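Next come two complexes built around subunit A: one with subunit B, the other with subunit C.
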Partner chain A sequence: MRISLFVLLLLAVALPASAGDVHGKVVCKGARDCADAVVYLSAPPGKTFPAPKEHAKIDQKNLMFTPHVLPVLVGATVDFLNSDTVLHNVFTPDACADKFNLGTWPQGESKSYTFKKECSAVLLCKVHPEMEAYVVALPTPHFAAAQADGTYRIADVPDGSYTAKVWHPKLKTSGKPVTVSGATEANFEIAK
Partner chain B sequence: MFANDVTSPRIAIVAAFLFGSGTARPAVAVPQDASSLRASQSQSPHVTGVEGPSNFHRLSLPIESSAMGRTGLLGPPPGSRAASSPEPSYSESIVGSATLTGADLYRLSCRSCHREDGSGAPPEINGLLGPVQATSAALMEHRMKERGRPITAAFARELAAGSMKDLIHRLKVGGQKMPSFAYLSDREAEALIGYLNQLAGLPVARREQTVTESAARVGELLVKGTCHICHDATGRWPTPEELLQGVVPPIARFTAERTMPEIVRKVRHGAPVEMGLVPFPYRGRMPVFDYLRDEEVVSAYLYLMTYPPRNASTLPAPPN
Partner chain C sequence: MVDSSKRALFVVFGVIAGYSLIGGGARTANAVPAFSRKYHTSCQTCHAIFPKLNPFGQAFRLNGYRLPNETDEQIKQIPVSLGSEAYEKLWPAMVYPSTLPGNVPVALNVKMADLYQSSQEDTGRQIVKNDFQLPQEVNVFAAGTLGKHVSFFSELTFAERPDGGSDVEIEHARLDFISAFGPDHLFNFRVGKMALNVWDGFQEMWIMTNNGVDTLFAFNPIGFSGGTGLADSGGGVSLPARARAIEMYGVAAHRLFYTLGVDSPIAVGPGGPLGSFASSNKKDVYARVDYKFGGMGLDGDTTGVTLPPENWRETSLRVGVFGYSGGGPGIDFPVTSPDGQEFNQQDVSYRRAGVYGSVYWGDLNVFGVALHGKDRLRLFDPATATALSTRNTTYDSWFLQADYVIAPPFQVSARYEQLRAADPAVPLLKTFNANFSFLAYANIKLMLEYNRDLQNSLNYSIAGVLRAAF
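And now, the complex of A and B:
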């Protein structure tokens, strides 16, 4: 009996809980494509995730922010690197990111900001008004940036019930309940 | 600080040059000795001699690799009609005080790299319009409103104040390639920034800011803000072969090697240069600074005589 219980416990530890990919396609009506869309799953009640140790990065190169949209887990620190020969600045007018203004810095240097709460923050450079990007700080690590054709894949999502949402800088956020059980398909349509 | 080796005969040559032409000129105050030059700059910021390596040498850049100091036109080729430039003329006193506008300060200090319109020579030399526009709270507020993300006036002021701090820091400390202009007085910097606002299309003060400067200060601004980008302060005059190899003559030898009219012609209109193992006239690398005024170049010449450049030679000994 003791041995059987031990084997069962061992199996419970060794075998991971069931998980699968959430995948599908987003249709972005009124946008040129879906390259800026982010699909993410809400956190189960009471569930929190530790802040990632590794910093995310946005590069300022050729007078553009790269990537244009960066999804991160809440608590993530984003490094803003200047790869251009001109001075760059990064600021946001959004209160959820403390309306940060990181100053101005030259090529090869970077400045950082930690996104402490859920937020979609527009990033701007006051020296180059044509530059724009977004950081979307999300409650779970279960997110994916969509491809231009709208396809997306969120890997390793534990089975369970979630609300899946799609964020886009120019379109209305949309969401729906999704029950994940192994590989799960969820499609969306978002519009202005 | 004033050079002790300025002699009256030297100044007399200047006087002879200024009054030597048969053409009618307005009266020009000419210093009879060094002390009159010294006295004439009492209203200006403290004048000092130019010193140290050129901006090119500071950055270890070969002159061919950069547009710094050289965004203007090249001089005429040898033998062309344009090579015979008009005789310099002077319309203002070069020794009494001169009134400089922000635009004048820009010509003397910024234009040789940032061009007339402030666009620079990207990607090497950045345009200055963006950083200047970012100093306007009204423009920042307007831009954000246009973007559909209005910001408060207080936040716009905070952003603009940071940009102004950046701009002044850049002017005083320099950048990765840009030299420091720490020698500009606060009043000069204010007048210059007033003109930068105008270049950047920002609202400007109804009354233009000006500064009253001595001839020595005008010369100092020109030498430090333009000549010193490419020319070391000191060193020996290069051989024709070295000139062909790209060695740039030092500022300290200008007045010994060239007369004032020669310098004025070279700077404002260009003049052929003898270069090569077998010296032959070439157009040379130096651009033409046709946007400078004769009297400004004369002021630079007098400044160099009065405040000789300092520092040891940066050139190796000539080949045997």
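And now, the complex of A and C:
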């Protein structure tokens, strides 16, 4: 009996405040699909999140960046791997990412950049002008890339009030207040 | 005098017949299945019956072959990127981005005809020909878009000659720069060989008949006493059906259309005595403005307009005026006086002015043009190149055409054309043209067409035509 009470007490201390998820569907009017949309929640006032230790990765393979859109938490470092047999370059013209240019490197090597500010940075390759990708550096870890059909799910979101926003490289960003309480549905429609 | 009139009439109709027979007057096909492939849509999205464009097709063309308010998802053949759109922000440090069509944007039109023709010689003898023109012509198109602001349209036509060979002509090869700056649709530019926008609405893509409006586009103003008939090889023409030009055009407030352009002189085009566009240092200029009341906007705008689902129907009126001016000093055309003396003649200056109107009322589309032409013809001694005399001549031509959609596969058309030639000895040319078109499939049509010289019952032609676009 004593052991059971102890376990229950431990669980109560160990478990965070009640958490749910935010899920729903994004309709991307004017885009071929929603595969490039990112849904994210704004940070509660005063709340900051430590930079993730693990690096995110974008691969350059078959003359394409993969993934095409990568959402990360501010402070995240992204490794850019060249898996092709040809030289690749990564640079961005966006000031929020210091307009970085990582130079050129061969197959099997990677170079890194840390996204220190909120930013949506387009990544380009000077060697292959058709290549493009986006890193979206966000203020919270509560984000999800939408599926091509627009469905998304942000897991492990503490209950509370947020502003949910949708970013898309070709469509206007849209947002609305969301009160998370357990499993919460939020649907969006974005357009040009 | 009677003989002279009869002879002139024979010449006029004979040239019309010759035009049809050898394909010299064959009009471009302009049904471009490359767009069907790009959007996975039917020909009938843009054509009432190809090549005649419906109001949506006209807007598609003026938008540089883009759908009004086009979105990525409407394009089924994903374009090949020649640079991320992000490079727009980097210009001029980097090359401005563009795209290529997802597939090779080539399409073919094939036209077969059985042409039965009757004409009367000046001796009174009737000549009857029945010619299997199988094929009459093959058109190779390449058309599409390059990035956000550029489109292209090319057409190579192989017209089969009676001897089995074929004449090849680049009928179109042009680049359009769409919404180059300023508001959408307002400032567009075209450069290349093209059907000038000054004839927008009553030429080429809008004519569903086999015969073109020859009295408007093929009158030859050159002649000892003024022009007598349609242009044959070696003559000038009334209006250039196609020209090498640089043109600005646009649509303002959805309904006001304008175009301004400069092109090579009409008197020295292909078939002219010097055989080259480049044989004159002069350039012609042209302009047009018109307005559309009701129906779909010229840029495809439908704000506040209720349109029926039958996309060939609307209730609208489009009216406009146009002008063309230029000259061909230094360009000699050989002419012969009535007593057989040979001279050179130059069309030192010419002016054309016209009005255009088109009414859509349900299944009926009635449209027409009235054109007035003035030419300043100078006669030269061919041996000494001395100017002998200068003569101012005028001519008038007009046509009225009614197209009616019985049902989408069945359409009829009737057209009356009239030409008062510059030579006072030449009687009025009056032509009637009737057409029945059957759209067997969206991209295959059959036509039966009757064309008759109303001044002489022995001058007529009947054409059975099969056309396919793929």
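Definition applied: the second predicted complex is superposed on the first by the 178 of 192 C-alpha atoms of A that agree within 3 Å, B and C clash if a C-alpha of one lies under 4 Å from a C-alpha of the other, contacts with A are read in each partner's own complex, and residues count from 1 in each chain.
The rule is simple: a contact is a pair of C-beta atoms (placed from the backbone, for glycine too) under 8 Å apart; a residue touches a chain by one contact, two chains touch by 3 or more.
Note that the structure is predicted; figures quoted are calculated from it, not measured.
Annotation for the three-chain superposition on subunit A: subunit B and subunit C clash. Of the two partner chains, subunit B is the only one that A:T104 touches; subunit C does not reach it. When the shared chain is aligned, subunit B comes close enough to touch A:T85, but subunit C does not.
In the superposition on chain A, no contact is made by A:S181 with either subunit B or subunit C. Of the two partner chains placed by superposition, A:T173 touches none, neither subunit B nor subunit C.
In the superposed model, A:S112 lies in contact with neither subunit B nor subunit C.
Using the contact criterion defined above for the overlaid structures, shared-chain residue A:V127 touches subunit B, although it does not reach subunit C.
By the document's definition of touching, of the two partners only subunit C reaches A:R32; subunit B does not.
Counting contacts by the rule stated earlier, residues 93, 122, 126, 129 of subunit A appear in both its interface with subunit B and its interface with subunit C. Taken in their complex, subunit A has these residues touching subunit C: 29-33, 93, 122, 124, 126, 129-132, 170, 192. Those residues of subunit B whose C-beta lies close enough to touch subunit A in the complex are 122-124, 126, 130-131, 134, 140, 143-144, 149, 151, 155, 158-159, 162-163, 166, 170, 175-176.
Touching subunit A in their complex are the following residues of subunit C: 71-73, 78, 80-87, 89-90, 94-95, 97. On the side of subunit A, the complex with subunit B involves touching residues 84-87, 89, 91, 93, 99, 101, 103-104, 106-107, 122, 126-129.
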